[in-house]
Amino acid sequence: MKEVNLVLGVIGADVHAIGNKILEYALTNAGFKVHNLGVMVSQEEFVKAALETDAKAVLVSSLYGHGEIDCRGLKEKFIEAGLDDVLLYVGGNLVVGKQDFSEVERKFKAMGFDRVFPPGTMPEEAIKALKEDLGLI
Amino acid sequence: MKEVNLVLGVIGADVHAIGNKILEYALTNAGFKVHNLGVMVSQEEFVKAALETDAKAVLVSSLYGHGEIDCRGLKEKFIEAGLDDVLLYVGGNLVVGKQDFSEVERKFKAMGFDRVFPPGTMPEEAIKALKEDLGLI
Amino acid sequence: MKGKIDLEKFLQSRKEVLATWPTGAEVSLEDGVNYHKALPPEKNFAVKLKKVKEEGITAIQPRAGVALLNEHIALLKYLEKEGEADFLPTTIDSYTRQNRYQEAQRGIEESLAEGRSMLNGFPAVNYGVYPCRKIIEEVNVPVQVRHGTPDARLLAEITLAGGFSSFEGGGITYNIPYAKEVPLRKSIEDWQYVDRLIGYYAEHGVLINRESFGPLTGTLVPPSITIAINILELLLAVEQGVKSFTLGLGQCGNLNQDVAALHGMVELAEEYLKRFGFQDVDLTTVFHQWMGGFPQDEARAFAVIAWGAVAAALAKANKVIVKTPHEALGVPTKEANAQGLKTTRQIVNMLKDQRFMVNEEYLLEKEMVKKEARAIVERTLELGEGDLVAGIERAFAAGVIDVPFAPSRFNLGKILPARDDTGAVRILEFGNLPFDSEIREFHRERLKRRGEKEGREPSFQMVIDDIYAIGKGMLVGKPRTK
Amino acid sequence: MKGKIDLEKFLQSRKEVLATWPTGAEVSLEDGVNYHKALPPEKNFAVKLKKVKEEGITAIQPRAGVALLNEHIALLKYLEKEGEADFLPTTIDSYTRQNRYQEAQRGIEESLAEGRSMLNGFPAVNYGVYPCRKIIEEVNVPVQVRHGTPDARLLAEITLAGGFSSFEGGGITYNIPYAKEVPLRKSIEDWQYVDRLIGYYAEHGVLINRESFGPLTGTLVPPSITIAINILELLLAVEQGVKSFTLGLGQCGNLNQDVAALHGMVELAEEYLKRFGFQDVDLTTVFHQWMGGFPQDEARAFAVIAWGAVAAALAKANKVIVKTPHEALGVPTKEANAQGLKTTRQIVNMLKDQRFMVNEEYLLEKEMVKKEARAIVERTLELGEGDLVAGIERAFAAGVIDVPFAPSRFNLGKILPARDDTGAVRILEFGNLPFDSEIREFHRERLKRRGEKEGREPSFQMVIDDIYAIGKGMLVGKPRTK
């Protein structure tokens, strides 16, 4: 597999670090070149990192329920920066409270995300999706 | 309180003995003269005991879910025996499975029971009902 | 002990038994043995239980049974798939338990008419051998018959020929808590028939597991009484050739007591097996989650279920019988049944590598419970003068064995249990239990501590408070505030 | 230790703090003190917690907070009535925790527009003193501020003047797991301000409880690290005049380890209080039900909740913080929150008269955990050369204190924990922890046993397996079958 750059980070004021560390480990193990921005990443930092690393995909995590507020406008910033083609994934506990996931998925897809992952997604699923979407299989 | 005779028993093939023993103790403590037929009591035994003891009320328990089959026709037997005026109570886990209690109550009232008690009823509640219905308060 | 029932005599009585209901005609021993031999070993209860014991894990099993065959099969498949049950049950309805097959028939018909189960279990006798085999063939784990039948001879004939490979009960444990008028000699002899039948299968290479019904009346039974009765039923069973036997214990609620009792039971049983020369018996244990009153609230019921699972897992019971969050409300839905299994599975898995740590209180508890159980068994053996059945009969008549709150009139019913200040079940009224002063003092002292804490003398009201306690969210019953 | 912050200096910094957001102007110390004094004693957290400790019971407390005041009050009232919570929380939203009050304001407005909470907690700073008092007045039990705020000075000013009588956190425990870029000196000094504020209230006759955040990053934190950090925060707090302090510990999952760690923590804390001459501190404990990944299935989640409650009850923790069956899915509904409380209540009630029995393994575990924690604290004190704050700062920089999986760049992040074959959390990579060879050998030996059982070398993959294990229904993570 030729080098594929990914950007990884937990958006907003969210400090959930463990899943982020595991995802970095699993994605690296799967052969990707991972640029992990860690926790508490702003929209601007995601855009900047995607530009600088020539990332093929950006994986945004949100575990604390504020995902809806934090992610709004991110796709627009990517478009402005000429990053229309960069894959945008989002996953985690994206909203406050127990909501029907299909509703959450619809909402985040409308916000411009290519894939939306529910709570409890294992790294393998994200890797499989990446390989499919990037034509690596 | 003048002597009030009660008949107590667990109907059908049901062998649940503990609640029966507690009810006997509590009713006796409350001043009633209790004729406890114990477990596995047939409809005929209830009628016979009510006749013989000049009971003012008959308390039928059923804990094992067959209450519906076991109790059908009991009121008719009481009427046949001229015991129209004897109070008929029933209580316990009356049907198989979790059912809406108001539905169960409706069903057993239609079968001629004066009071229907849900699972978990404390003896105090039965005693209170008896005193009300027998005008002992 | 008098030894195995003579084969000729046994085969003779079989004819009478099989004639008591039309489906009896379907039973053939040869066909039954062949059917079992053709089954894959993972469907054999005794084989799988032995494996479970070797692995040191705690297997999980629900209770379940409904009136109609297809619904019953669907229920078991659901509990196997959704609930991940290691062993499946077929709980028999209460009419069949009293051999009232006519009424069971009416229950099947009414269930068909109403479109829902009007029976609290599966009427296996009415269905007969082939529907039983359909159950066995549709599921992938071993299935046990669970009931409460004083005379289970025909039920055993039909279900064992039907491919069931474990049979719960016993001449004491399925009489005293389940019947009112059945003499002990009658039920014990009927169960010797069942054990002899299982012995016959064993002679022909088919291992059927027998399980004693540990919980008895389900509420506040002092563990030593359970243990003594289990050991007597074990001896009765192995005498007839049973080779796989499971000792049962119902949870009392105090962890230390429950673990000590389970371990003490096994140690004492092994002692008696050795003493009477039975060497090739697979001895296993089953722990029943709390069998008394449950909280109506489901979240609270989950707590009671989990606590039972904790005790089973830490005691390393080989199997745990699972309650459901609907317990207080009667027969559960299949979903609730699977939930009980899942809660239990999560606990036994999380605890499988942990063990109960030996401590002084545990050692004392185990010593005392063995001392008590031994006293009962020894006196029973003495009373029998070489005839175990007679001994048991006399022991019950004399109150040497006495089960609290039992409906049977052949049980003296003079003892009264109550919890001590740690929630352990003690004996308040000893009746005629053959206990020495050391044992009596042990119980009295523990109950005194509680009485002092609560500022009241131990009494029947205290016992009632204990009976309701778990349902009300406690273990030790509180004095009611008037 | 440098002693209490000078009053004049403290009052001077207050002015700056209160000026950082408009609601700061509402705060007056005199008014705050008077408000607390007018509250009934049963609403005071420290008073009630002391009583709980004396009674030897385990009180229960949920987590809860939503964006809108009336909804938040309704939520707390529900948890008090339906959930029978002994103590109530007000969980603060994540923007407020980062002092991002503008964003919190937007969250309030969006919540109003959407008709549902768009924030994961209650933005108390934005509301100010009087809405806080409305909360206190509407409920009947003490309320605590729970958050994760490195700089909680304004939050403390507002909520304490608002009648809250307990404040969770600390300069270490609310920085290292909750921030990325906040220097330790900054967060510790900001928390010394909070502690000084509570000291001020104490000087004026108002007892406010302070609680350390035991779980840290919530997953596989070796208990000795938690204990060392708790003791350092305790010393920092009592230095500023805090009189009621609660030590916190997150459940690891192995019962023996959890109980030993809780007991060891108290023993060691008492030792240090004595050594530094603090005699009038009410020391209590809080145990957090498992803070790592939960099973999605609710029945399984109930099992995890119950197991945490069992450990808390047997360890006789003074308080347990309760999870909900929705844990895996994010912020729970109020019904799910009450269910977690009910399950926990049932367990702590059933177990209140039972205790964990002392055994050899427990004594060893307690000895080791104290030895480890003592080594960390002692080295930290040495590094500080009389300045505790400097000592902590240097200890983190050197990796003498190291929290696994922490987001802060001021945490070295070189240690790696893993479960041993009994599920106890051990240390796989020691980083720069100041442990002697005896301690290291203890950990290595335990992990080796597991490695042998699983036929693999301990590695980061093993750690990942452990992190997911409980969510997948185990405690010790299994090697994945590819």
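Annotations
Each chain carries a letter (A, B, C and D) given by its place in the written order, and its residues are counted from 1.
Everything below uses one rule, namely that a contact is a pair of C-beta atoms (placed from the backbone, for glycine too) under 8 Å apart; a residue touches a chain by one contact, two chains touch by 3 or more.
Everything numeric here is computed off the predicted structure, so don't read it as measured data.
Shared contact partners of subunit A and subunit D are absent.
When each chain is reduced to the average of its Cα atoms, A sits farthest from subunit C. Centre-to-centre separation of subunit B and subunit C, using mean CA positions: 30 Å. Each chain gets a centre from the mean of its Cα atoms; for subunit C and subunit D, those two points are 45 Å apart. If you average the Cα atoms of subunit A and of subunit C, the two centres end up 54 Å apart. Taking each chain's centre as the mean of its C-alpha atoms, subunit A lies 65 Å from subunit B.
The touch graph of these protein chains is an open line. Screening every pair of chains for touch gives A-D, B-C, C-D.
Contact residues of subunit B toward subunit C in the complex are 12-15, 17-18, 21-22, 25-26, 38-40, 64-66, 68-69, 93-98, 119-120, 122. Across the complex, subunit C is touched by residues 253-256, 295, 297-300, 302-304, 306-307, 309-310, 314, 325, 338-347, 349-355, 357-362, 421-423, 470, 473-476 of subunit D.
By the touch rule above, subunit D contacts subunit A in their complex via residues 66, 93-95, 97-98, 100, 103, 106-107, 110, 116-120, 148, 177-181, 217-219, 292-293, 296, 326, 328-333, 336, 405-407, 460, 464, 467-468, 471.
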